[in-house]
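First comes the structure, then the notes that go with it.
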């Protein structure tokens, strides 16, 4: 049961699914007349299509888990390109360790089946290979990604940044140095002026770069990441674009963060309506009371989500997301949808008043 | 099916379990000779006991989900009082919306069984009642909590703060104004100099206060929350106290954040060993590849967690945590364990060098 | 929140998905290069395709849960028609309460979303409406189904029957009286001589009919259902057709029953190899040690399933089954696969010898 | 990573928890004032206590999964001894492969942690060791158990038996040959005249014995297992003892079977009330529409379970069952509860009339 060479372990790359080439509309429509998760998925796809057709509705995509390494990157990049999303709230891993990482020219790899058992993790560590369930990463590549975020931090004027501002700089870096992947969420978002927020931005590869940056700067002026500013900026977007819908993949902090802006707007004295649409794809349990699996009806008691168009889909994301996005893509509502370029809204943050 | 008055809906309070008065040792020991989750739980309790007996081992408690509102507050407060934990990494909800909230004199309430159905959430919203599965909160009380965090922000010198620094100020506020609950994690941690980190600090009641603070300050100097500094500080603790163990309740960002400091220390040029001990209580699935349910063996491939003493317990926290902590409490290793007062280590952050 | 009339509640019928009209091959192939459940599903589809191409491999389909009421009936009926399955082991509900029920002319209905909450179940009972999560049944129709199974029992020669024999009589009943649904598993299996086994046959609508039959017969001669004979018959099929593959939807007794025939053959003195192929679609947990979620590797320790071609897919069946069966259908291996007509093998059961 | 000798692998025995020696009342009472699963568990324990105090209420215990091998045998044996249960409906594994197996003098063993990975299952098969997640069985011992059930079948008058009748003969066998375990569910049930039903009786070790018996008898008279008779007998118990409560551990066929007797009684023309009490401990999902995780409210739409006293507890059984049964045991209601000796009610089955 010894492992092969590192190069052999890292030889089969994860390929990102291309939902523009697969017509899933008949499948998803059929599912709508079935029961259980099939019907829920079909309704979620329909609600997403409604969001896209609702004039002036801003769509916020929330990402948790390891979605990019799992092969969903092209789906999200396509959503940006096709004006199917106006802002993204994500954990750091999807944006930095996985998307920006691939944009630097690195890849994720398919793990041999036996590696899932956990019995070889010590051996993988010796080889500098990191494992995400059935997926492998070259840790040496990841160190380059950490280092690149440090370079970016080092190059910036020392002051507090929202994660959104920092990620925009990462997009500018790709624009300047070239994006070495076929597509990139960070790069597409930069070009389309779609803001990306990571409410726990130090909890990823960028965190390593920022810690190195701050450590080197010592007592001197340095870049800091102001998570309150993130929340403020996303709230302002809600204030300026009151009709909103949430498309949540996984739960956790991105879900809570995006839901909370309704209340934050109210705290600032604005009269912002609840999110009009909300769909969530998750495998989380409702029974432990944690937010990741809490129903969208529950969010309604908090005044965050309206109940007319909400749908939970209990499924692992790699199965459900291609069907939901593929359905909405094929239905084509995005063709008539204008680009929102929400990042530009935030350039003039200071002029906002209640 | 109409609802009763608000006062009647909010009449039965959640009471926090007191594990110092219940001897669970025979139960947990018996479980160790059974199968499945019982045996896992028993081993996790034993590993926690080993952490407490390992001279110089620093223990980091990670909290995700709604644990304080669920009645586990006294368990965690007791862990601080009895020197059974040296640092805490948490989502914001447990620390601010739930613990600090109760310390301000507010309570959580038991929801009637039918409210779980979600069929009454619109009615609850009308009454300003927020629901967490089977638990209720008076939203008007929560607004006071938001406002108090704003007051604290307003009172501080404008500069970037780690969440740890800000939460320490919340503890100082309780010390000064009085803690109106029988016990409080924030207050006990303040007194015992146990640092608390919230890597996504704006994602909670404090976020509302901070957004209000920053909005009012406009272009002027203001308090910001530097999540990179959080990561830097926790990494320094690892550097200064190299033997460590993790006690994780739930997964998400607290789990990832605390695991990552091993790698961050290495990035800074320090030779920090993996976490020597790690236990996690969770209901999350391994099968979606997300971190919350990923095995601790997998973390070993990343060089974060050693595999000799690690144990996952697949259980909802309210069932497992009282047994694990109760067992270790009754076994009494804490009696001979010195107070670590890690917060004091961080006062002199700048002198660290590789 | 009062409910509408019964006729209105039972107005939208469940429609069965037709996988012959949807080409899912590009989707399933793309999933094979992703991670997590997508890759697992793709591999399961490939293993099913291999079973179909393996000359002489007998395929046993195991069904647990409420799959027919959920809209998967046409998938399974098509598998029989297209010689993609050689025997079926099922819980009673799918075969009698749901498939035979529809063949008698009755339907399943889509429940309004709020009915899932459970808050209206008392009202449904008053209306003689039974609920399966999001699906409704007219209990008066179900009583007709019970009564029909009693009629069949009354018409038979009194002796012990295997469930396989009794279900064959149900197929003969449909052949004679006409099948009132577009398709029926029981009827297709009758015509194609595909045996169907229900190891807990009294645990369904047929149980009500049989209890009524036995009650009326009192001390006199009566029909009985010999579950040992079921096991004996399925074992004989393994003996006569040694290369086998399992396609399991859900776990429970059908899974265990079909796995066990390898050991039973050995107990009878035959040298039967393990099941060569095995795939399972389930949402069950591995962590409680119960069989439904136990891995197929574990079955290998029992000498039941070979490990070269086995794959678990953690997904709710309505999402995964159309993709797996649709893939194999479109790949077309069934076109060259001969009909096995295994029921005819069992007519001469008594001549078997070791 | 080679495995040690078989004797070493099978050296640490599973020990059954003794809930009579551990006072869990303060723990369970505290849990009732918490949230989530703790509160649910506490309410389930209270409902079980109410069942025991309700004069004339018959209690049916339903068992699915691998509970006896997991160390819960003594809990169930104690329930029989202390008149805390009046009938048992189980899968075959718990009763035959695990309880009767231990009564023959065999044991279950604790598996080394690494064996759970599935990476050693081929090696275990070579050693004739069967694995249930983290538990091991000597397959040679199991073959003796199969053979003993065959001996029992060979010794009986050839006719259809309910599983209840056959299991009673297994109890008589232990009474005659001696029970070689400290306690046995089958043996205690025999002595206390508590009937045990296995609706899928051939799906276990007894199935192997019965197949061998039937194979050897060829066309001659033989023992058969009439599952319809099982259902008829349990229905008669409901008719004769109309107030009933269900204590369900796991779901599956035992749950459905026991719930269905309310409807079966009605089919026979008796006016039987719904089960007055119902509690279920399970890890199953509600979201796949399968019965194992379906709510007890849903069972109410079928007219099977009353909604006033029902409670689901989402927990793995080894954690929750000792607390629920331990609580009720310590509360002591069983002391004043008469023995029901339901098996004796069934001796005169034929005299029943509507």
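Lettered A, B, C and D in written order, each chain numbered from 1.
By our rule, a contact is a pair of C-beta atoms (placed from the backbone, for glycine too) under 8 Å apart; a residue touches a chain by one contact, two chains touch by 3 or more.
Not measured: the values here are computed from a predicted model.
With B-C and C-D as the two chain pairs, more C-beta contacts join C-D. Taking each chain's centre as the mean of its CA atoms, C is the chain most distant from subunit B. Spacing of subunit A relative to subunit C, judged by their CA centroids, is 40 angstrom.
Note on chain placement: the centre of subunit B and the centre of subunit C lie 47 Å apart, centres being C-alpha means. Subunit C and subunit D, compared by their mean Cα positions, are separated by 25 Å. For subunit A, the set of residues that touch two or more other chains comprises 35-37, 66, 69-70, 118-119, 132-135, 285, 287-289, 314, 316-317.
Residues 14-18, 21-22, 24, 26-27, 30-31, 33-39, 41, 66, 69-72, 108, 110, 132-135, 314-320, 322 of subunit B are the ones touching subunit D in the complex.
Subunit D makes touch with subunit C in their complex at residues 64-66, 69-70, 91, 93, 118-119, 121-122, 124-125, 129-135, 139, 143, 146, 160, 199-203, 207-208, 210-215, 218-219, 223-232, 235, 250, 252-253, 256-257, 260, 263-264, 267-268, 283-292, 294-295, 297-298, 300-303, 307, 316-317, 350. Residues of subunit D touching subunit A in their complex: 1, 35-37, 114, 117-119, 285, 287-289, 314.
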